[in-house]
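Dropping the structures in below, format is structure tokens.
Each of the next two complexes has subunit A plus one more chain, namely subunit B in the first and subunit C in the second.
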Partner chain A sequence: MLKSGRSGKSKKGFIFSLEMAIAVFIVSSILLFASFYATKQTEDPYLRLQAFRTAEDIVAVLDYNNILTTFNAQSIQDQLTQLLPPNYDMKLTINGTFSENGGYLETNQSLPTGTFIASGSRIIVSSDGNQFGVVTYYVWLK
Partner chain B sequence: MRFHLRRKGIFLALGLTLLALTVLSLGVLLLNYSSRDEESITILNTLDRMHELKSSIDRGFFKIFIAKSGIEVNISNQTIEFKENMPNANNGSLGNALASFENFIENNYPQASLDLSTIINEVPLIIMPYNVTYTHKSFGGKELQIEGKGISGYTISITIQENVTGCEIEDFDAGSTNLTINAYGTFDTSCTVSQQVDPSRDTEIEIDGISDENISVELNNYRMRIRAEGETKVSSVLKFNGTEPLHIEFPDSTLSISYPDFNVNMKTGVRVI
Partner chain C sequence: MHRHRKAQIAITDLFIAIFIFTGLIIAIFAAWNTYLNRLEERITYSAMLAQAVRISDVLVKSQGRPVNWEANNASAEIIGLASSDRNISVEKVTAFTTMDYNTTKELLNIKGYNYKLLLMNINNSALIDYGNNATGNLTVAIRRIVWYGNGSAYMDLIIWK
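After this line comes the complex of A and B, so read on.
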């Protein structure tokens, strides 16, 4: 009687533990699945758009201040450093009909790997209206 | 007791499963919103790129216009002034620069196309938001025209290489638009005349000492025509009574930008100033 009572209790305990284990397994699987979706959502796509817009504005300012058509990589880089928000980094290339450097220029930043890089481009014209170029810019979060 | 424990276990398992399912549903919901966001962002990004392309083309036209047109434009509040020599000797250089710019844009941005034929031939400058056009019958030719309603005052100043003995505004109907004519000739000769006229009716301006064949200025049906045979400097100051800031555009059909993949298209004028 005693024996059967103890075995009955340990059976109950075993079933309870089994149920718990199954419940924990199911719950953890579902949570894992949910966290995967949630993580995907946290990659805010507006941040990318914001990065693009920040770069777009900066290049427009450089254009309106006639910095880009100086075709001087150092002064362009200096202005970029002043205008860029601290958490961004940026690289510019210019390609066009400018007589300097065979019409090609790039700033000295190198593109990072493993991070999202937004890019865009803008047409520029020299003040005498004779030379044209395309500024391509790349921006990323530091 | 046994039943009680088992029921507890079932409820616990059920409760946790429900909780987990709720979290999962929220996750899926967030993902749905996220994918909708992605679509909106793709469209927003395309529109941003379109805007950037247009604004950089506008800026390019501004630089070419300032450097090559030989037309000086001053804007202050509700007054705009155009100054140019007639015939304008810059027609060739402006036309060449615009054609090169058009080729450059179309080669680098296949989504953009420009139609500059009217601009190169007539250089029509549209004063917005009044839609008043300052244009040339043929750029580099002998006649310029200012056409449109909404002008509250014209001041036309003409400098000619001849003696000016006087000026008159003739055959006009009185109205509320101020018309002032200044003429400057050789040997410090000059004249000024001013009248309140109705720009929809015939108004003739006579500059004495100069034949009508050399200089003619007429206002009719909201169109001012200034025709000069010899070398002449013309300043046209136009006043408006509104409040919106003035700017200048080339006509509406100048620039088309199209992103067919996103079904986004734009046909627009180019803002010059």
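After this line comes the complex of A and C, so read on.
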């Protein structure tokens, strides 16, 4: 009888320990999920929008500067480097009626993988009106 | 004697449980409060940033209303500084800087915040410095790249509270 009582107590203790372990596991999981989503929420949603606006601004300025219609990849790259904020990277391609390289040029950055890339395009016309092209720009956060 | 010891153990157990429970409740409330404050700050920050984006867009893309408002500041209904997209007009900027700060705030629809507008050449030397310096504890800044006069320039809009 005494033996059976001890054994009963021991089993009860085991059940409580198991229950506690399950409770701790559930609470920890909930806290982990909550902190993960709370951290995710703190990512700035405007960063991507700002990257896109910066790229739009730069292409517009390069257009006013008449650099894009030189259709010279190196000159475009130099101006781009000068204007681009340090936390961004950008690539331009131009398809147009200019004769060099079969009417296609691109700046020397390569597109990254596994990161968000914003892109857009702008139509450019040379100041004499004889040549035109489509600039496609890609921008991403470094 | 045996029963008495059992009761003592139960009381100790109760105190430990109460201590752990109280600690847990305090920790949960502290975390809750921290997240609530962060969320509130985040909402204000997002609202300020959205406003900065909207205002900077109007300034760099629009001529304003009427389009020649710079000829008569008092006629301005909407302030725009561009003569064309991202091409900032020197005349409009000059007219803007002669306007009263509170009038510009009203025309730019900046409610509850203060602002500062900086125009700099790409070597970061200031060409135009207008508005109030940030002295608040929440500040957002947005940089636009524009064509001003005969060269590229940065236009920084700083909104603070």
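Methods note: the second predicted complex is superposed on the first by the 114 of 142 C-alpha atoms of A that agree within 3 Å, B and C clash if a C-alpha of one lies under 4 Å from a C-alpha of the other, contacts with A are read in each partner's own complex, and residues count from 1 in each chain.
The working rule: a residue touches a chain if its C-beta (ideal position, glycine included) is under 8 Å from a C-beta of that chain, and two chains touch if they have at least 3 such contacts.
Predicted, not measured: the structure shown is a model, and the values here were computed from it.
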**Report entry** First, second, both or neither for A:20, with subunit B first and subunit C second
**Finding:** first
Requested in this report: Classify the contacts of A:58 with the two partner chains as first (subunit B alone), second (subunit C alone), both, or neither.
Outcome: second
Report task. Look at A:125 in the shared chain and tell me whether it touches subunit B only, subunit C only, both, or neither; answer first, second, both or neither. Result -> first
Query raised in the report: In the superposed arrangement, does A:111 touch subunit B (first), subunit C (second), both or neither?
Result: neither
Query raised in the report: So, A:82: does it touch subunit B (first), subunit C (second), both, or neither?
Result: second
Requested in this report: Considering only the touch criterion stated at the top, classify A:50 as touching first (subunit B), second (subunit C), both, or neither.
Outcome: second
Query raised in the report: Of subunit B and subunit C, which one touches more of subunit A's residues?
Result: B
Query raised in the report: Residue overlap on subunit A between the subunit B contact set and the subunit C contact set?
Result: 38, 41, 45-46, 49, 53, 56, 60, 64
Report summary line: The subunit A residues in contact with subunit C across the complex are 38, 41-42, 45-46, 49-50, 53-54, 56-58, 60-61, 64-65, 82-83, 85
Query raised in the report: Contact residues on subunit B for subunit A in the complex?
Result: 2, 5-6, 9-10, 12-13, 16-17, 19-21, 23-24, 26-28, 30-31, 33-34, 37-38, 41, 44-45, 48-49, 52-53, 55-57, 59-60, 63-64, 66-68, 97, 100-101, 104-105, 108-109
Query raised in the report: Which residues of subunit C touch subunit A in their complex?
Result: 35, 38, 42, 46, 49-50, 53, 57, 60, 85-87, 122, 142-147, 152
Report summary line: So, in the complex, the side of subunit A touching subunit B is made of residues 8, 12, 15-16, 19-20, 22-24, 26-27, 30-31, 33-38, 40-41, 45-46, 48-49, 52-53, 56, 60, 63-64, 96-97, 120-130, 132, 134
